[in-house]
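Two complexes follow with chain A in common, the first pairing it with chain B and the second with chain C.
The block that comes next holds the complex of A and B.
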């Protein structure tokens, strides 16, 4: 089975999923704005944008700041559930043995069948937020900022795929049925500084945030919120870090998912 | 006989809660982490000197929302599971209302509410060095939460009753829950005068307004109106729930269960 077939199957699966779950499809459009409205609504009711700028110690637009946060948080969740959490779904639905027996390695199948679904999701969310960003920033500046967000979501996906595949390997190895990802995901977002900047967290929490790929993705996306033209040097720097981390996590995932797969097949724990 | 049945239902849910203790802990931790994540984001807008006050206000809004959403989602949405394992017919044959079994989920939902709030308050008190439990009028607060819980239960049972006859999109329930928290945050004082009464008439809003007065010691603005609307609304919602249960049970006996529930 070629990689092209895997990509095509992931894309087809997503299209038919939307077609057959129209309420979910509609909800997908509403969720990002609901998350954004909740934080901004609470923020504006309890405080002010000037206090926000003072607290984050940056000259940023709070709305674009949280658009970037919401977009990355939703994309990160999508990868972590779509790759890491999918093992449990395959296990529960009884399709895990078929995944293990398929010609490609499981990590390859998990990752490549997910990529088109992810890109489609990000594209829809970017298209959704685009009018709001252009309303705040103007058309030309807005397009640049949308470009940065698209770049962050795309480059940020690469290490996150490996990171989530590691979770998949962990879930298959420990033979655990409880979905630990449901509470690990918000913690990962918390340490990544998704809605509260990582540099304001305590020292011990900052140490954790440094090993999470989402931290750098969030930082990259937030450069779009800086008032005026976004600086090029930090963008290049963060892309470099993300690609470096991607190499580490994806290599680890390639080795460990194979190990988890063999262990599960040996013990019949599937 | 009635007491024995109630005892059996409560025992069933308590036993399930114990057997699913790790899932229960998993769920409460997940809810706590999500709430903390959003609260942290919102508190970035608050000047440092007002942080204590804002944390307390945010906490009580979250408590109100938690009571409403857990009552509706853990009770109402459980009907899906109940239908899928074929338990509706089993209970009707034995002359036990399936809706009474569903109502027994209060054991689960209140356990989730209490444990989640314990975690959240511990985190907020620890991180922001405040005491979210110091309240102005505990009686008013208790009354407001009793009415909120009853309204949440009535809503949960009503949608459960609807779901045996037709499909209920689960996503839409979650979206409604999200919209409710948005409405809960709006202070009544900021609503134009001519819209204040209609605003209070939206389910949960009058009770939530009472909770805000009870918790923060804010000016008792439209206290009597909120009290009256809250009580009347609770009675109406309970009456609607009882009517829907009766109608759905009659419908099931005639037509059988449409195994759709929530999707």
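The block that comes next holds the complex of A and C.
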């Protein structure tokens, strides 16, 4: 009941923002295409599609792979980054105390108010890449892949919810108002094999990569990017792993989140 | 009808209700709050410093009254408000709102309170006033037609509709408009308890008056309980049924405005409006005045000039005036006006703390 309230109000807030900030909205549409052009341009400049396929070890289409991996990996991570960012924004605008006056736990309010922004972001990105994917893959394969990507982005978010809550308390507590994740983010992406195939990483790094949920979301992206019909069995398997990790991660986070909340609410930073 | 008259008739009405119908809505008992801060001493060294913001304060607020927390900067007003609003955990003591513990039953407390912590921020800049209210209404669990009507009603109640700014972005609002919107949000869920931290800070007299009148109306006509903090004694006198004077984390007096003033009924206040020449520190002059008159003296900067105030027994007013004027004359202060006034809350504070006032 209260979760629904948080999701619904968060969604409304987002719509108001898009409505009042059309320029930002437009930029949101253009930016991924600019990035795509840049990265692919560099890729073709320094290598070739066949070299790329060899590296990734699968018969994937570079364009779809790029779309899938940025979308899924970045958006899965953006849950944490986004929750953190929105807290800094609430703090700065002075809305934080009024957000927390909603009759829920602090972490619940902060994390679940953010989910609508995340989901809308994912949907918008998917919608804008949909024509491109369908152009490359054909309409029916394209649609299935878009569906898989949407599912992956959603499932990929779940393991990180608990840590986002912890991170939220942490950000409220610290004095320096910087989003620490802005430098952690690229590291996580590196370990997850988003930039660089994970099997090429040194052994210790691969161990780290195995406990990061993003690794599996990136893998999902790779599978979705294979030319032709998507392999459903491994995709289901990966989603299963992600849900398992979600259970472990969120239970762990749950044990710590009470402590984090208490610390944040004692500090007097709200 | 002036505010004070209204106040009086309504207080009488309330008294006729009888004792058992008057219920404590807010109970605060031995509340303690310490803040730990760290002072940076170089790159890696830092020094721990504990601020004792609340040193065990206790008070009750009754249903349907406007209760004022009056105190100077740093007294602990905001700290108290935040603890009662469930946004800050105390280090000791207990606080209950409508019977709910603010620590253990925070969610329940949030369902019955409306809060405004600041008049100048707390909304989304890129949303209009109406959108902001609608959003917070949804966040607090309102929806559908009810929410829509509630938002419209509140926009009208606080006068934003009349100003035709409901569809303007919040970033374009003036301070007065922001303050009105802040009060509207505090009333969104039609709460039984309204908690407002300095609701008129920085407002011009008309806006401040409108807000004050509304506070009294909310409490006396709608039966809500209003806890308001202020460092403005005049405001406290005007709107509050009872006032707790808080200073350095302690409540030093708690009573109705009338009875608080009786504590200084044996004195009048002598006020001299003057200009200080450059180069004379205010503090020096205060000391000189105290020395010369033998009574608590203070100086307030006001409207570009200064107001010298000496609290004296009525019989000594004449002599104290000439002594004070002599001191001012010696320091080449040009005197504009001299007044002898009935005691106010300000005098109560000066008498109780021996402080310069605020």
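Simple rule for what comes next: the second predicted complex is superposed on the first by the 230 of 270 C-alpha atoms of A that agree within 3 Å, B and C clash if a C-alpha of one lies under 4 Å from a C-alpha of the other, contacts with A are read in each partner's own complex, and residues count from 1 in each chain.
The rule we apply is simple: contacts are C-beta pairs under 8 Å (C-beta built on N, C-alpha and C of every residue); 3 or more make two chains touch, one makes a residue touch a chain.
Bear in mind the structure is a predicted one, so any value in this text is a computation, not a measurement.
K.L.:
Looking at the overlay, does A:30 come into contact with chain B only (first), chain C only (second), both, or neither?
P.N.:
So A:30 only meets chain B here.
K.L.:
I want to verify the contact counts: of chain B and chain C, which reaches more residues of chain A?
P.N.:
Greater contact footprint in residues on chain A: B.
K.L.:
Is A:5 touching anything from chain B or chain C once the two structures are fitted on A? First, second, both or neither.
P.N.:
Touch status of A:5: second partner only.
K.L.:
Which partner does A:113 reach: the first (chain B), the second (chain C), both, or neither?
P.N.:
Second partner only.
K.L.:
Just to be sure I read the superposition right, which of the two partners does A:265 touch: chain B = first, chain C = second, or both, or neither?
P.N.:
In the superposed model, A:265 contacts chain C only, not chain B.
K.L.:
Once the two structures are fitted together, what part of chain A is touched by chain B and by chain C alike?
P.N.:
Residues 21, which sit in both footprints.
K.L.:
Going by the contact rule at the top, pick out the chain A residues touching chain B in the complex.
P.N.:
21, 23-24, 26-27, 30-31, 34, 37-39, 41-49, 51-52, 54-56, 62, 66, 69, 178-180, 182-183, 185-187, 189-190, 194-196
K.L.:
Which positions of chain C touch chain A when the two form their complex?
P.N.:
Interface residues on the chain C side: 35, 79, 82, 85-89, 91, 107-108, 110-111, 113, 115, 117-118, 121-128, 131, 134-136, 138-141, 143, 169, 185.
K.L.:
Going by the contact rule set out above, which residues of chain B touch chain A in the complex?
P.N.:
22-23, 26-27, 29-30, 33-34, 36-48, 50, 54, 57-58, 169-172, 174-175, 178-179, 181-182, 185-187, 263
K.L.:
Using the touch definition up top, name the residues of chain A that touch chain C in the complex.
P.N.:
Interface residues on chain A, with respect to chain C: 2, 5-6, 8-9, 12-13, 16-17, 20-21, 93-95, 97-105, 113, 262, 265-268, 270.
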